[in-house]
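Notes follow once the structure below has been shown.
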Amino acid sequence: MSETTDAGLESITARLDDPETAAEEGHRKIAWARQHMPILHELRAEFEADQPLAGQTVGMAMHVEAKTAALTELLAAGGAEVAITGCNPLSTHDDVSAALDSHERITSYAERGVDDDTYYAAIEAVIGHEPTITVDDGMDMIAAIHQDYPELIDSVLGGCEETTTGVHRLRAMDDDGELRYPVFAVNDTPMKRLFDNVHGTGEAALSNIAMTTNLSFAGKTVVVAGYGDCGRGVAKKAKGQNAHVVVTEVDPNRALEAHMEGYEVTTMAEAAAKGDVFVTTTGNRDVITEEHFTRMNDGAVLANAGHFDVEVNLDQLADLAADVREAREGVTAYELPDGRRLNVLAEGRLVNLASPVAMGHPVEIMDQSFGIQAVAVREIVENGDAYGAGVHDVPDALDREVAEVKLEAEGIDIDTLSDEQREYMGSWDHGT
Amino acid sequence: MSETTDAGLESITARLDDPETAAEEGHRKIAWARQHMPILHELRAEFEADQPLAGQTVGMAMHVEAKTAALTELLAAGGAEVAITGCNPLSTHDDVSAALDSHERITSYAERGVDDDTYYAAIEAVIGHEPTITVDDGMDMIAAIHQDYPELIDSVLGGCEETTTGVHRLRAMDDDGELRYPVFAVNDTPMKRLFDNVHGTGEAALSNIAMTTNLSFAGKTVVVAGYGDCGRGVAKKAKGQNAHVVVTEVDPNRALEAHMEGYEVTTMAEAAAKGDVFVTTTGNRDVITEEHFTRMNDGAVLANAGHFDVEVNLDQLADLAADVREAREGVTAYELPDGRRLNVLAEGRLVNLASPVAMGHPVEIMDQSFGIQAVAVREIVENGDAYGAGVHDVPDALDREVAEVKLEAEGIDIDTLSDEQREYMGSWDHGT
Amino acid sequence: MSETTDAGLESITARLDDPETAAEEGHRKIAWARQHMPILHELRAEFEADQPLAGQTVGMAMHVEAKTAALTELLAAGGAEVAITGCNPLSTHDDVSAALDSHERITSYAERGVDDDTYYAAIEAVIGHEPTITVDDGMDMIAAIHQDYPELIDSVLGGCEETTTGVHRLRAMDDDGELRYPVFAVNDTPMKRLFDNVHGTGEAALSNIAMTTNLSFAGKTVVVAGYGDCGRGVAKKAKGQNAHVVVTEVDPNRALEAHMEGYEVTTMAEAAAKGDVFVTTTGNRDVITEEHFTRMNDGAVLANAGHFDVEVNLDQLADLAADVREAREGVTAYELPDGRRLNVLAEGRLVNLASPVAMGHPVEIMDQSFGIQAVAVREIVENGDAYGAGVHDVPDALDREVAEVKLEAEGIDIDTLSDEQREYMGSWDHGT
Amino acid sequence: MSETTDAGLESITARLDDPETAAEEGHRKIAWARQHMPILHELRAEFEADQPLAGQTVGMAMHVEAKTAALTELLAAGGAEVAITGCNPLSTHDDVSAALDSHERITSYAERGVDDDTYYAAIEAVIGHEPTITVDDGMDMIAAIHQDYPELIDSVLGGCEETTTGVHRLRAMDDDGELRYPVFAVNDTPMKRLFDNVHGTGEAALSNIAMTTNLSFAGKTVVVAGYGDCGRGVAKKAKGQNAHVVVTEVDPNRALEAHMEGYEVTTMAEAAAKGDVFVTTTGNRDVITEEHFTRMNDGAVLANAGHFDVEVNLDQLADLAADVREAREGVTAYELPDGRRLNVLAEGRLVNLASPVAMGHPVEIMDQSFGIQAVAVREIVENGDAYGAGVHDVPDALDREVAEVKLEAEGIDIDTLSDEQREYMGSWDHGT
């Protein structure tokens, strides 16, 4: 669509020079994603038949690229009107945005590289559609409604939030009593956390490191800082590429788990002198600092797989360095006064984005995450009344439903409990 | 010690023909265990120095074998008087029992193969010592005190329970308002659950299957029923021996986790026709039944790694069979009318006990479990007042303490958070 | 059978007190083995139909236990008369020997624990059957024929030798021009070497260490000395049990292969201070010596998976030790003057035999090895003329045939080359 | 250098618009490679000190990119004059070529994208330097000398050949009696084959598939066609990323090896219906054909990791397809009439080159390969007389030397045999 909203910003189609060609390329990208998103595919048949979102308007502020587009189209297929914009001016693909905008029930305002004013005007344009449901990646939409359009709040049934950071901010807002409608913490579901963090981060980090450096992992010593879900994923996949893995941790239980898994566990101070490749996954700052840089070997590669670029202290590294230069595309070499070169990937930002062809998380991973989004939106419509204002965990039943859909899509049958088995599990006087 | 208690049963030393020789052999067995229990070793120095249990009497009903003996001696080293008996008449090692009884602060009543009357007389004998703390594996001691010696309850500070079954029964008792002192659910601590179930069960099940059958795992199809902690352990270790692993589950999320790990996931009905070796780990009954037996290949091996012998329905198998015989020590062959032979290990009981040389869980695993027991007993003395009557989780701090002791014993240093890092982790307005 | 031969020794049946009961138990043991020997099973149908060995007499000197019995019965099923005795007085199972002797075409002279005179009389008794084919494990039969019955040599078509040591001795004999008929080096076939050494040794060594010590591998540092086929197997399987693996080598290429696989590679002097468990697989002497013992940690476990008991220098260890005692069945503890205890399994002999229930190599492994034996015996009959006196490699076609039989028995189909593909592979001017 | 040769073609520097800037960028690329090539680094010190190539002229025809440049510089450091050109007009990096040409002892004629005349003029220009040693990747230099400059042959000491194809062609030439000087088959050394094929191909294929498709491997069924060194590498690394791996083979022994490793083994006809991702590694044609395409699932990904683009029969696929289009950069989607889409990567050519950022084999892998090249060139100078005209294996001692250099560079110490051990290994009468 291409209408002009009250807020005045036109949809992307009206602003592009050649919207048709862009839309065509966008459709191509979306088609690729859809082909590998079996959960959204299965849900689509149900949504089309049941029209669970009929009469609703969904306002979205997310990364507008192919995988998100598949979710957006699913919501429209379920009967909703959808208005969407980006949650980061740099992550939008204009062709995907144009393809979405060409859908009769979707309006897209997202455009890559717009300035701050246009970015926020786009959010306002989405709000101009008077959404009854919000879907956020970073809670910008929720914040704007609460701050600037409080009159709309009563008509909003609820919202969904995709990211750790957004959920974190929402909980704080909730604690302050400021959150005025129910929001599902999609980020926190087991299915998202286990697959996204372990497999998604693990594989994407290693592929990107390999492609950015032209190096291999076999026989390398890979130091993984942090043994949470992301760290487990990186360690496991690096071992699977025949690296020798060293884990650092601050939590003794996690450290012991890593030890029992067969990894070498030690402090970063010790690991610094051993590692060929370092991957930080802690979510904390200053994990690798001056005291570690000075012990590292010439040629060491430093990558961050945590959300923010604070894990490797680049300020300290720059201070130490006699010379800083781009050694390759995506690789900054810091040369110490004694000639050793430490190679930082992607400027210490999420290494999954380091490669020039980086595309964010794998398609199947987002299929699981967006499958949860879709059923959470449906839940808001069907049972939103049951949830008060505030942040809510996605019900286990929905997590389970998405798992079932995925299994069915993969053609995997599983067993079911008989009545006798169900009774047995619920009792305590059997046995011995 | 060899005293006679009020209940009349003499300690084991008074009942054995040659207690000195037995004690010597028992000390040898305990020495082996102690050598591989670094946590108990570290705690011993602390307990000897601080005497945290001085003035206390610990009444124990546990498997009286070498690993338990190391715990018992630790409690005595911490200042306690200890009276112990078995929690199963068949699991007692008389030599270990005699070795314990030779300790000046320990009295042991456990004797292998005693009849029911003597078994319960032994529990009463322990109670005759008027314990201030109880340590159970199956809650027999707690039950006896509550039912028959209620006058002692006021002087009991608290108790510990080792097993799933005991904790399950205690929670039911607690729900009924009948549990009158605080009891720690040692079984449920992360450190016990993760290591005992994943690594302990996984390795022990496979070793015992290999030694009982003289078969190898390379190239075999191993069907693992259940993908909880035990199932994960068996699947992981079987894959580590180059088996092709098939997982069956009733829970879609777990099924999906197994699938994403790379295992084949299907129903038992399908898996039945593929498997060379079946290992049940569900904790449920009737996991493998008539409909599965009839599809299995000649020579299939069936093993249970769950607690009770109800997972493989042997009654149905016996009904199906034209012939039943012992094919090897520890292996019962059920020959179907068409000549196919299904080989059940250990009569469907826990396969870790199948081999003629089976010795229960590995020493290091019990070191972790008993490390938790020891600090939980100390916690009862030091902070028992803080816990009301009922079942309590072991505090995280104790779980963490034991992990730290283990890391130290292994010579593993880990990092610690700086103040800045601690502050960063606690805030939500950094980043983006 | 129970006849008396020229040499005067009666078959085992005539010498046992209760041969029928023994034979029954022997049949039970053989039945178990046969059930898990699909290659021999498949070959049996062919041998029974084709009678390739009709008119031949096979003289065997091998370990007379269940797996060998399955081979012996196969040769008889192929039409041969078979006379068999042991190749080691301690490895014979009398019940299996009696079961074989009860076969109308097999005579067994093997009896456990006989003295040297009877042992050699049994070999002579086998030779008394005037074998046309010999099957040895250690070349005792071949040696006796060449030395004491040269008049029989002209009627011998050929022989097979099972072990490294036998093949080694035969090659020396051949070099001296003394070997007067063709002998197949069954030991050296790829199929035996790859499966027996990598998977068989790897799994059997670990299972036996686990069962003998009651220890687990998770989180342990396992030092593997030697990275040949056996060492690769032990390292790979130990990694599969979540051990941290350290490899020592003298060959730089193998050392580099281990390094690229992700193992830590260092000298034994360095590894000595790190290891929890040491497994030697070098085939050489003095791999672990005084300089290493003195660096080891208290409680270290030393196991040998090489053929002879010379890899760990126990004389030096005994000299160092202040005390030597049996710590457990199968475990000798050497206590150093400073109190550290080093635990040697199976007295430094092959650890696969350490456990009280040790049964040698897994059944399926011997199925592959004995499958080669069977087709090699058939080859001697069918094409023996084509081979001159001397040691010969088993033709690749036979190795391939056995692989095909195994795949078929496992129900595994593979692809075949088309004519075009075959032509393409044979040419060099395609491509670029 | 920038001289004009007899053949008339100027070196690249004379032909580029801005050679200085190009050389600077080329030096940056070479610096990155050198930093991760420890073998060449170690050899350089030796070559600089010993000048083993003093007085020699090396003529090279290889891919002129950063890794090759590091080898070229090493040869110059060893005292040689070097003239180099490309072995493929599309693989040259002009900046690297310019950087080489700026070296006073190196002349480079390689330029990207030149026409055939200029390509061959460059080879002639190299020959114009009258090389005493040739280093080829595809034997173009050797062929040109033999055909067009036979008068130079007497002054050539020998040559090296890098690739399978070149070695294959040289052996045919040798068989025809046409090869007139000794050439080392560097391609065939164990160290190149084991690391390049297993680890190099395995890791590079998977990284490129991941980056080109934005898909993950966890839970995927990956079908690997061929279980030679490359297939083993791909299978092993795919398993290490939590894929379920299916192997197809035509050789029963290799099929059995794959089975014993725990992989599913079957025919391509069966595998076709199961696979999510297919990777061919056979070196043969028509591995995936019409009969397989018709069974595949919608969305299947087809990649080739073999040398030539003949493994997937794209002609048949194009005939079957109702539509063919680029689905993503590097991905061609063939849509079958029923709507299923089969996605072919890199047009069926080596997938390691599929990604827009593909850079060929990892740096460390080429370090090993080029380490062999360097010592083979040295061997030609020092002992070339000992080799007659023809193709020769690189002596084991050189393979071993490079392994030793790599271990030293990595700081890895290994053990050495004592005299007693050496004697023991050489004898046959020890033991038993």
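Letters A, B, C and D mark the chains in the order given here, with residues in each chain numbered from 1 onward.
Just so we're on the same page, a contact is a pair of C-beta atoms (placed from the backbone, for glycine too) under 8 Å apart; a residue touches a chain by one contact, two chains touch by 3 or more.
Just so you know, these numbers come straight off a predicted model, no measurement behind them.
Farthest chain from chain C, judged by C-alpha centroids: A.
Looking at which of A-D and A-C shares more C-beta pairs in contact, the answer is the pair A-D.
When the contact pairs of B-C are matched by residue number across A-D, C-D or A-B, over half of them reappear in A-D.
Each chain gets a centre from the mean of its Cα atoms; for chain C and chain D, those two points are 40 Å apart. If you average the Cα atoms of chain A and of chain C, the two centres end up 55 Å apart. We define each chain's centre as the mean of its Cα atoms; on that basis chain A and chain D are separated by 38 Å.
In chain A, the residues that touch at least two other chains are 195, 199, 218-219, 239, 242, 259-260, 410.
Here chain D touches chain B in the complex through residues 218-219, 239, 242-245, 259-264, going by the rule given at the top.
Chain B meets chain C in the complex at residues 28-29, 31-32, 35-36, 195, 199-200, 203-204, 206-208, 210-219, 236-237, 239-242, 298-299, 325, 327-329, 331, 341, 355-357, 359-360, 362-365, 410.
Against chain B, the residues of chain A that register as touching in their complex are 138, 165, 168-169, 171-172, 190-191, 194-195, 199, 248-253, 255-257, 259-260, 265-268, 270, 283-286, 307-308, 310, 399-400, 403-404, 406-407, 410, 412-418, 420-421, 424-425, 428, 430-432.
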